[in-house]
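A short write-up of the structure that comes next.
Order of writing sets the chain letters: A, B and C. Residues in each chain are counted from 1.
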Amino acid sequence: MSENAAFEPKIIAFVCNWCTYLGADLAGTSRLEYPANVRIVRLPCTGRIDFNLLIKAFEMKADAVLVSGCHPGDCHYTSGNYHARRRWMLFRELLDLLGFDMRRIHFSWISGAEGHKFQQVITGITEETRNLGPYKLYEGKPAAYPKFPETVLPLGDFSTEAEMRQTARKLLSEGTVQVVIGYGERGPIFVSKAEDADKLVWNRNCLTNLTAYLKRKEIKTLGKAAIVVKGCDERALMVLEQESQIERENLHVIGMACEGLGLPKCAGCNVRQPRFADEAIGEAKPAEPIDHYAALDVLMAMPPEERMGFWAEQFDRCQRCYACRQVCPMCYCEQCIVDKNLPQEISPSATREGNFAWQIARAFHQAGRCVGCGECSRVCPAGIDLWALNLTLERAAEKNFEYKAGMEPAATSLIGSYSAKDEEAFIQ
Amino acid sequence: MSEIIAQDALRACVSEWLAAGKCVAGPRQVSWNRVLYSYLKKPEELLLDSEARPVNSIKEFFFPKHEKLYGYKIEGNDVRLAETAEALPEQVILGGRPCDAAALPILDHVFNWDYKDSQYNARRAAATIVTIACATHDDACFCTSVGLAPTAESGSDALLVPFGDGSYEVRCLTEKGKALFAGKTEQSDKTAPAHAGPEKKIDAAKVEAFARDHFEDPFWKEHALACLGCGVCAYNCPTCHCFDIVDEGNAAGGERARNWDSCQFSLFTQHASGHNPRASQFNRQRQRVYHKFRIYPEKFGETLCTGCGACTRNCPAGLGILGIATEISHG
Amino acid sequence: MDNIYQPDLMEVVETQQQTSDVKLVKLRFRDPDRAKQFSFRVGQFGIFSAFGYGESTFNICSSSNWKDHIEFCFRRVGRVTEGLWRLEPGDTMGFRGPYGNGYPMEEWRGKDLIFLGGGIAMPPIRCAVWKALENRQEFGNISVVYGARTTGDLVFKDELDEWARRERTRIVQCVDPGGETPDWKGEVGFVPSVFERAKIAAGANSIVLVIGPPIMIKVTMKLLTAMGVPAGNVYTSLENRMKCGVGKCGRCNAGPAYVCKDGPVFSIEQLNAIPLDY
C-alpha cells in the first residue's frame, strides 16, 4: 500500500464546451480548489464524445475517466446529450461484460453554473481512484473457461430445396431479376442463368448471412438481385433498409422457412417464418422459447477480474483478420475506422491492447443493430466468443429500450435516435 | 532398426523441455470448438491423436502476427533507436504436420532474398521442429499435388510417424532433432506404416501457366464473387507472409513494428494518389493464386503452397486455393 | 543483429516548399562514417520516415554526384507525409536505402535524352536531368516536357529555368487546359500532346524517360513508336505502394516483378511483359 501513497492518479475528463467546461472555469474563478490530477479535454458536446476516446484514454495510462456535459434539456445543440446518454447506457454494459472496473468510469451532468459540483465530482473521483490504484489492462492468469448452459440445437428438414430452385429458375428466366444470391454446395453462389438454378442448395450448411453481399460493389454490378434469406438474415435486411443501405423495391426476397441449422443461435428462434419476403417458401413450426440471455449470466457471475481474464485470453488469439467484420451485413462502411490512420484511433496491431480496442469498437458499432445471426462467431478463426459481446448489447437494448433490431419495419435506429425519457441511474 | 517413443514418454519430454526454459508449442484446445497451435504451459495441454486440425499454422512462431522491429525515443530534435534486445528462448514446435513444416524452407527464400531478415532467421535457428506425420487426411488436403506427402520430411528436424496405438516412430532428420531426442527413445524393429494421403487434385504447372497467360480472363471474376476480402486465408496459411510496418507510440517515443497483412484487403495496394491497381476483389483473388503459383516459383523455384487446406477449410465463404486450382487444372 | 528494417538516422538540413502541398527535403547522415560510405544510383528510392508517423517510399531525387546530402520530394496526402511535412531543419528522421535498380545511365551515353512527366513525377526525372547535366559531354541533346494541372502545381520551377540555360538543353513547360494564369508563358495541354507539338527530334538514338499513369505511358508510346523510338529505349519508373522495400512484405509486385527489387525502373519492353497490375 505504500505504492498507493506515492501514486497520483491521472484523471481524464472529457467535457462539453458549453456546460461542464464553463463549470470548470467557474470553479477556477471562484477559487474553488480541485485536484490537479484531472486533465480536461474539451469537446463541443457530449454527443461528440466517441466511446473510442474513453478506451484511448485508458490506453494512454489514464487511471479514471469522467465524461460530463449539459443537463438533459439544456444541451447547446438541443439533443447531443440525449444521444450521449443513450450511447453510455449501452456502452457501460459492454464494458461491464468485459470485466472492466466500472469504478474507473464516471458520467455526470455539470452545468456552467455548477462550479461547486465540478469541484465535488473531481475531488471525489480523484480520491476514489487513488484508493483503487493505477489502472492496468489485465495482466493476470487466464480464467478457466466457464460452463455455458446447454441448449437445444434445433435442426429443420430442409425439404423445400426443389421449390426454392424452381422459384429461382422462374425469376431468372422471366427476367424479373438478373442474379440470384443463394447458397451453393460449398458456400454462397451468384446464379445468373436459369439453367444454373440447380446449383442452389438448401440444407444445414446454408449458414452464411447472404445479406452481407448486398454492400459489395462486385455484387451490385451483377444487376437486380433476388436473395435467399432465412429469418435471421431477413432481420438484417430490415436494418439495412432502415439505414438506407438497400432499396427494398429493387430487391426480390426469397424467404425460406427454417426450423434450425443445428446451431446454438437457432434455439428459441422467433423468426422461423419469413415475414416480409416477396416469395415465402415453406412452413415452420414455432420454436420453444428459451432464455436467450442465460449464457451471459454465466459470464456475469464471474468476478470482474476473472471475467477480464477470460476476455484477455480470447482477445490474445485475435489475428485481426477482420472476418467478423467482412461477414457482417451491418459492417458496410467504405473505410472501417480501424483502417483510418489520420488519426489512428484503433491500433491495427494484434496486441492485447489493440485487440481489446478493436473488439470493443466492432461490438459497439453493432449496438442496436446486430440481428444475432452469429456469423461473426462462426467464422472467427481464433474461436473467440464474439456472440457474447453482441448479445450483451442486444440485452442492453431490450432491457433499457425494449428494442430489438430488425423486428419492426417502422422502427428507427436505436443509436441514431434519442428520447428525453431515457432513464438511467449512473449519471451523477 | 528404428527408434520409437510412447505418448506418455513424449509428454514427459514436453515437461522436461518446459522445465529447461524452452518454449514449447503444439496443438491445443483453446475453446470448446477450436484447436490452435499455441504455446503450451503444461504437457497435458498438448493435443494428440485428434482429428481436429489446428486452424492456424506454425509460421507464427517464426513470423509473429505482431513483431517489434525496434524502439525509438524522441528527445527534442534527437531520436535514439533501441533494438529488441530480448534473447530468444529456444523453442520446440511439436505436433505440426508435414505441410506446416515444409512451409518453412519455402519461406526461408523470401526472408533471405538478398537482404537477410535477422529476426526471422534467429527464430528459425532457435527452434527445433518436431512434426507428426499424418495418418488421415480430409477433403481439403492436397499436399500430394504440390510435391509433399503425409510423411514428407522437408523442414522437420524430427518426424514422428504414428503407429496408431499411441506410440510413434521417431525419425531424427537433423543434428537438432537428434540432440532433442537423445536418450528419449527406445529401439524397435517395427517401422510405422505410411499413410497414402490424398490423390492428386491439382496440376500446379497448369495453374502457373493459366495465371501467366490468362491474367485478364473472366474466370477470375466469376470465381471470386463470394470472396469477402477478409484475412483468414492469408493469416492461417503456412506460407503467406505479407506484412505491414507501423509506428505506434506517443510524443516521447514508441516502436516500429510489423503486422500481418493480406493481399485480400481492399487497401493493400492503394496508392496515396487514390489509384488502386487491384480495386476489385477478383484482382485480389487472382493475385493470391498468382503469387503462390507463378511469382514465387519464378523467383525461388518453389510453389508458395504446401497443400495444407487451411484456406479451404476456414474460408467463411467456402473458397480457397484448392477450389480455384482444381477448376483451373481440369479446364 | 543486423536489422535490415532499421533506418539510418538523418538530420534535416533544409526544407523547401515547392507548392501548396509539395515539399523538398534535404537531409544528411548523422553518422559521418555512414555518410562517407553511402552512395546510390539515380533512379533508386529510399524509405523515408518521420518517427511516430511511419515510413513512406520516395525516389531519391538528388543527383548521385552530390555527396554531402540527399533529397526527396513529397506531396502531403496522408499520415506519414503529414509527419514529414512537420519536419524542421535540425530534426531527426529515418532513411532506409538505397533500394531498387536505378536508371541504366551508362547505357544512355551518347544518346539524346528526352524526359516526359507531370506533377509529382518530376522528382524522379529531376535527379536524372541533373546527373546528365553534370556529365554533359556524355549525352546528346536533352529535352524535358513537364506539365502540371495548374501553374501552382509545377515543382522545381527555378531549376527548370536554370536547365533551359544549359547547352543543348530544351525545356518545355505546360499546364492542363484551364490551369494557366494570365501571365503564363509556357504551353497549354497534356504532356503527350505538348510533346508532339514541340517537334522534339526523336528516333533510334533517343532514350526517353516517361513517368506517369499507365494511360499516359500508352499514349506516349504510340507517339514514340511512330517516331521510330524502340520500346527498349523508353523507360519508366513505377510507383506501386511499398512498405519494406526489400522484397519481403509482398505488397509492391506488378505481375511477376517486384517493383522494389526488379524495378522501379523498367523499360517499356519489360513493362509490356508485365500485366496491368500497377
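Convention: a contact is a pair of C-beta atoms (placed from the backbone, for glycine too) under 8 Å apart; a residue touches a chain by one contact, two chains touch by 3 or more.
No experiment lies behind these values; they were computed from the predicted model shown.
*Asks:* Going only through chains that touch each other, what is the minimum step count from subunit B to subunit C?
*Replies:* Shortest path length, in steps: 1.
*Asks:* Please tell me whether A-C or A-B has the greater number of C-beta pairs in contact.
*Replies:* Higher contact count goes to A-B.
*Asks:* Could you pull out the chain whose C-alpha mean position is farthest off from that of subunit B?
*Replies:* Between subunit B and every other chain, the largest centroid distance is to C.
*Asks:* Could you put a whole-Å number on the gap between the CA centroids of subunit B and subunit C?
*Replies:* Their C-alpha centroids are separated by 39 Å.
*Asks:* Would you kindly tell me how far, in whole Å, the mean C-alpha position of subunit C lies from that of subunit A?
*Replies:* 47
*Asks:* Nearest whole angstrom, what separates the Cα centre of subunit A from the Cα centre of subunit B?
*Replies:* Centres of subunit A and subunit B (C-alpha means) sit 33 Å apart.
*Asks:* I need the residues of subunit A touching at least two other chains; which ones are they?
*Replies:* 344, in rising order.
*Asks:* If you look at subunit B, which of its residues touch at least two other chains?
*Replies:* As it turns out, subunit B has residues touching two or more other chains at 244, 246, 250.
*Asks:* For subunit C, write out the residues touching at least two other chains, lowest number first.
*Replies:* Touching at least two other chains: 54, 78.
*Asks:* Which residues of subunit A touch subunit C in their complex?
*Replies:* Subunit A residues touching subunit C: 341-342, 344.
*Asks:* Quick check: in the complex, which residue numbers of subunit C touch subunit A?
*Replies:* Result: residues 54, 78-79, 82 of subunit C touch subunit A.
*Asks:* Using the touch definition from the top, list the residues of subunit B that touch subunit A in their complex.
*Replies:* 30-34, 36, 38, 55-56, 65-66, 221, 224-226, 228-232, 235-236, 244, 246, 248, 250, 257, 259-260, 262, 265, 267, 280-282, 314-319, 323
*Asks:* Per the contact definition, I'd like the list of subunit B residues that touch subunit C in the complex.
*Replies:* Residues of subunit B touching subunit C: 69-70, 72, 74, 77-79, 81, 83, 110-111, 113-119, 122, 215-216, 241-247, 249-251, 253-254, 256, 258, 261, 263, 268-273, 275, 277-278, 283, 287, 290-291, 294-295, 298-299.
*Asks:* Which residues of subunit A touch subunit B once you look at their complex with the stated criterion?
*Replies:* Of all residues in subunit A, those touching subunit B are 60, 145, 184, 186-190, 208, 212-213, 216-219, 222, 314, 317, 319-323, 325-327, 335, 339, 344, 347-351, 354, 375, 378-379, 381-385.
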